[in-house]
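Scrolling down, you'll hit the structures one after another.
Two complexes follow with chain A in common, the first pairing it with chain B and the second with chain C.
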Partner chain A sequence: MDILIYGTINSVTLALYALGFALVYGVSRLPNFAHGAIYVLSGFIAWSAVNTFGLNYPVSIVLTMVVTALIGSAIYLLFLIRVRGMAISEIIASYAIALAILEGLRWGGFKGMTYTLPPFVSGSTSIAGVSVDYQRLLVVAVGAALVGFLWVFTHHTRIGLALRGMAQDERAALMLGIDSDVMAVVAMALGSMLASLAALLLLPLGNIVVESGYNVLILAIAVCIVGGIGSWVGAVLAAFLIGFAQILTVVYLGAHYQMVVALLAIILTLILKPSGLFGQQKELEERV
Partner chain B sequence: MNAESGQRRRERIDRGIKVRTAGLYALMSWRELAYLILPRLVLIVGLLGLPMAMPGMYWQRVISIVCIYALLALVFDFLAHFVGLVSLGGAFFVGTGGYLSALLNVKLGLSPLLCVPVATLLGGAVCTLLLLPCLPLRGVYFAIVTLMYPLLLARVIEALNILGGTDGIMGIDSLPSAWMEQYLVIVLVLVVLFGLRRLVNTDLGLVLRAVKDNDQAVRASAMNVTFYKSLGVFIGASIGCLAGACLVHIYMWAGISTFALDFSVLPIAATVIGGSGTLVGPVLGCLILVPVSELLRDFGTLRIVFYSLILLGFTVFRSEGLMVFGQRKYHQFERWKSI
Partner chain C sequence: MGRKRSVVLSVFLTLTVLFALLVVPARAADPIVLGCPLSTAFLYGWAAERGFILAVEEINAAGGVQVGAAKRPFKTEVIDTRDLEPGVPVSEALLALEKLILDKKADFIVGGPVRSEAALAAMPLLSKHKKVSILTTGSLTPNYHAMIAEQYDKFKYCFRIHGEAKNLVGEIFANFAQLKEKHGFNNLFIMAQDVSHARGAAELVKKLATDKGWNVTGLEVYPTGGTDFSLGLLKAKDTKTEIINIWMDMPESAILLKQWYDMKVPALPFGSTLAAAEQPGFWKATDGKGEFTLCNVVNAGNAPSNATDWTMKFFDAYTKRWKVEPEGLGSSSSYMAVYVLKDAIERAQSLDSDKVVAELEKTDLMGVYGRLRFDPKSHQVIPAADPKEGAVGSILQWQAGKRVVVYPKSIAMGEIQLPPWMKK
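Our next item is the complex of A and B:
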């Protein structure tokens, strides 16, 4: 029972990490390697909004999400727009941004155990004999709601459809009057907002540490690659697959193996089925 | 043909001397010979003379580290711009070569002079074997896999507590003399640099570049794309492992930090700054970047911020790099022309 409940929570956590990355990469083909950095950054923004500026918690949450969305679009408008379409330059540029943000935060003195956000709801309950705190339940609920919302968003709204159009055929989308740069800005803003939402939900469960930025990025990439690009079903399924695999290895092998699972998943998927479990597009293109 | 439109454009024309030195006629005069030989001579003499110009032991050690990074940057440039495989895994090569050489030295008791070449070839083979399954992949996927391998290996060593675990392998012999330690890596950089330049102009290099530009055409010529890619990776990985093996014997220690991201990121930054696709550029980039990051060591992680910002700036705003710029100025002149 332990495994089932904490596996589910871990899986939803992974899905939350990955949603923003999946939206930006799967939908607008922009590998945003600054995703993990934005995640950590928004944690620190929320922390300083609460503790330095003394705002109350709900206000600072909204503020954090707005600021993060602005940062995301600024990153695109200032830097990534110039290297759009050159996949390697995109990776190098966004990874350089991530390094600059994370190491800058580390240098700025944000390290150690002292930075924590308060949970939304405190207290805990027990499900089938396993005690679970409310914040973790909230994570699961919000995660599930978010996946549903994103599916509806990308299938039934104009902006969402435009985003998917860009991913599938950029030229055709351009001919139909979809401005690719505007859409990429929208995608980056939404993706960053999702990263900050994930940060606000998950960071109260632990401390804000700079290192988690790198781990979040790796886990997000793992979920997206295993699930297949541009497929929400695949992403959710991959999150559950990796999430349960991680919990099982932690229980039966030891905590050290948690990241090994994610990294192995990436490598094995790329070797065996590079388009992922559910990625239908691009299967033929990626192999020589 | 309105010559008086008031608009101008800049026109670039090859210098006469560049055209004259392209063929056998270069041998006709000292001036042409100097035009060809001088830049190369400056590089060779400069690199060989560098340790003597350094104030002390510390900076001589920095020069060795510059050379290690230069080897890695050469590997990145060779794989990315002549084979078409973007490898973000410099650390993978360094770690494999380093650990292999350390094991050969400590467990089998071989001398460092034997360990280094064996680790080079063996490491190249191991890396190629591990990367072989993902060679058919195109584009960013190879980059992601190579980025993940060093992280994975570091975690595996940590988790299984093998190969010395988090403490690393200690008590590795150093190279026979300090003099040799200093010059081995410098000579290796020069040999690899000029060797790779030779290689990319041979028939094999032509095929490798064809794999990068149009793999379907290579396939249509009845050549096995994956074979040539793995050959390219073997050459690159061997050089990377060589760098790792030298590093281990210089530090007399091999540990998880040989898989650190520094070995992946800094060579790429150096290549971007120095000028990608020139092979000389990466060496130049390392000569600039490593000492600067050494000077900034007092600022802690700020130096990573610093060089990632340089990397970002060069990737986004000046993607040609210093060496391409320099070569253009050397070979061509510019003039304004009204249109």
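Our next item is the complex of A and C:
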């Protein structure tokens, strides 16, 4: 039972890390390597809102998500738009932005282990004899709701349909009057907001540290590669695959090997099915 | 004309002599450069840096270091080795160290490298450049002083002024024995980070605990950066564990402690190196969930106690200078390293490495955390449970928002308390 409960929690955690990254790439084909940095940055924004500016927590949460969305849009409009379409340049530019954010935070004094956010709900309960804290249950609930929201958003709203149109065929979408850059800005804003939501849900479980930005990025990339870069459904399924594989590894092999799972999943995917579970990059398959 | 020329010549000579007289004292006041390779974004790095700066400011304010006939000030050159960051290769720390030696012209190396692997790898480099180094923070591996003892001629320039893992294990077992006697504890679960000193110490704890009749209910090694400890905690709970021994200096250990509290695991979290719990800000950061957590801050002075007359003087001076209490491993040891070095240089009357090594070996100074002496063969500071005999450690427990030193008895300010959900 503990494998089932903590496997689900771990999987939803990975899905939350990855959804923003998958969304941005799915719509604009932009590998946003600043995703992990945005995750950490939003944690510090929320922390500052509560501790420096004395705002109450719910207001800080809303403010953080809005500010993070604006930062995501600004990153695209100021930097990434200039290298759009040049894959290597996009990776280098977004990674440079990530470094600038993370090192900037450290330079600004955000170092140490004492930066934390309060949990939404304190305490724990027992499910079939397994202790689980409420915050982790909330993570699962919000994660499930988010997937539902994204489905409704992308199938029943004008912006969502436009995003899907862009994801399916950018040229066709352009012919239908969908502005590619506007949609990319929307995708970056939404992706950053999703990173922010993940941070606000997950960071109260521990503390906000700059280094976790790299970890989040690696895990998000692993999930997206296994699921098929750009596929949101694939990302969710891959999160469950890797999430449960990690928990089973901890139980049967030892916690020591936990981090290897995600990296091994990347290698195996690239060898066996380079486009991932639900990837649409058929040229990768053909090349192999 | 001849007379005019001789007047000009005289004036020139006088000015030259005056210039020389002015320059000589200036040269004599050249600072002694202390190269400090530290992982500055982490507690063990910045705590050490603050300790160095405080000591250097105090010494310079008092006139500096007497080197032969001249008084010379200390100067610190800090470089970020980043060796505590996950994924940063050891070679980065070595490059940083070499930069301190070659570019910054460091006369001595104090501080790190902080991670054990990097500190061990730095030893041949220090030997190559004949640089006297005093390790003051982070690195706890017993291999460090074992290597010095084994190859003295090669590694004689290396010293370590803070406690090491084997000694920490001894301190922990003294507490375990006390808990066994008082509460009948017998089940021990070990959680360690996947780094050299922690892995080694955890294995040692497991072996010793088994030999001493403890039931070791598990040993889990977590990768640096691991963020979920729930299954380990559940295992500890299921196996009726009474003490969880933690060897972690990564920030994510805060997640472990919060999970422990939320799950109300009926086992005492007993950290050995547990950087997250060392800092005064830990209580606020965990919203009080860190209560009852024990951790070893390695040396007295890193938490309030009255180990020696100097302990609280240092504690208060540090708090005044940095607006925060000494936060953990590296604070008092780095501060004392500068004083110990000053003492050795003054006795050697020289900055010559071999002469300073000889004098460091003769060090006998009552410092912040007790009597400071180095083992002449291994260059490890000699530990003791009594500050009059040697360097004393400090194990603290978080009690009602305060860091209370509970070990060793000679300096204890309180006793170990159990969380309410553990009381029978």
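What we mean here is this: the second predicted complex is superposed on the first by the 280 of 288 C-alpha atoms of A that agree within 3 Å, B and C clash if a C-alpha of one lies under 4 Å from a C-alpha of the other, contacts with A are read in each partner's own complex, and residues count from 1 in each chain.
Operating definition for what follows: a contact is a pair of C-beta atoms (placed from the backbone, for glycine too) under 8 Å apart; a residue touches a chain by one contact, two chains touch by 3 or more.
Please read these numbers as outputs of a predicted model, since none were measured by experiment.
K.L.:
Taking the superposition on A as described, I'd like to know which of chain B and chain C A:G254 touches: first, second, both or neither.
P.N.:
In the superposition, A:G254 touches chain B and chain C alike.
K.L.:
Quick check for you: in the superposed arrangement, does A:P118 touch first (chain B), second (chain C), both or neither?
P.N.:
In the superposition, A:P118 touches chain C alone.
K.L.:
Between chain B (first) and chain C (second), which does A:S212 come into contact with in this model arrangement: first, second, both, or neither?
P.N.:
After superposing on A, A:S212 lies in contact with chain C but is clear of chain B.
K.L.:
Is A:P31 touching the first partner chain B, the second partner chain C, both, or neither of them?
P.N.:
Once the two structures are laid over each other on A, A:P31 reaches chain B alone.
K.L.:
Figure out whether A:L4 sits in contact with chain B (first) or chain C (second), or with both, or with neither.
P.N.:
Touch status of A:L4: no partner.
K.L.:
Where does A:I271 make contact in the superposed view: on chain B (first), on chain C (second), on both, or on neither?
P.N.:
first
K.L.:
Now for A:S131: first (chain B), second (chain C), both, or neither, which partner does it touch?
P.N.:
Second partner only.
K.L.:
Looking at chain A, which of its residues have contacts with both chain B and chain C?
P.N.:
106, 254, 256, 259
K.L.:
Which positions of chain A touch chain C when the two form their complex?
P.N.:
Listed in rising order, the residues are 2, 6, 9-10, 13, 106, 111-116, 118, 122-124, 130-133, 135, 205-207, 209-212, 214-215, 247, 250-251, 254-256, 258-259.
K.L.:
Please give the residue numbers of chain B that touch chain A in the complex, ascending.
P.N.:
Listed in rising order, the residues are 80, 86, 88, 133-134, 136-141, 143-145, 148-149, 151-152, 155-156, 158-159, 215-216, 219, 225-226, 265, 268-269, 272, 299-302, 304-305, 308-309, 311-312, 315-317, 319.
K.L.:
Considering only the defined contacts, which chain C positions touch chain A in the complex?
P.N.:
These residues of chain C touch chain A: 41-43, 46, 85-87, 194, 220-223, 225-232, 234, 237, 251-252, 254-255, 258-259, 262-265, 275-276, 279, 281-282, 284-287.
K.L.:
For chain A, which residues count as touching chain B in their complex?
P.N.:
Result: residues 31, 79, 82-83, 87-89, 91-93, 95-97, 99-100, 103-104, 106-107, 218, 221, 225, 254, 256-257, 259-260, 263-264, 266-267, 270-271, 274, 285-288 of chain A touch chain B.
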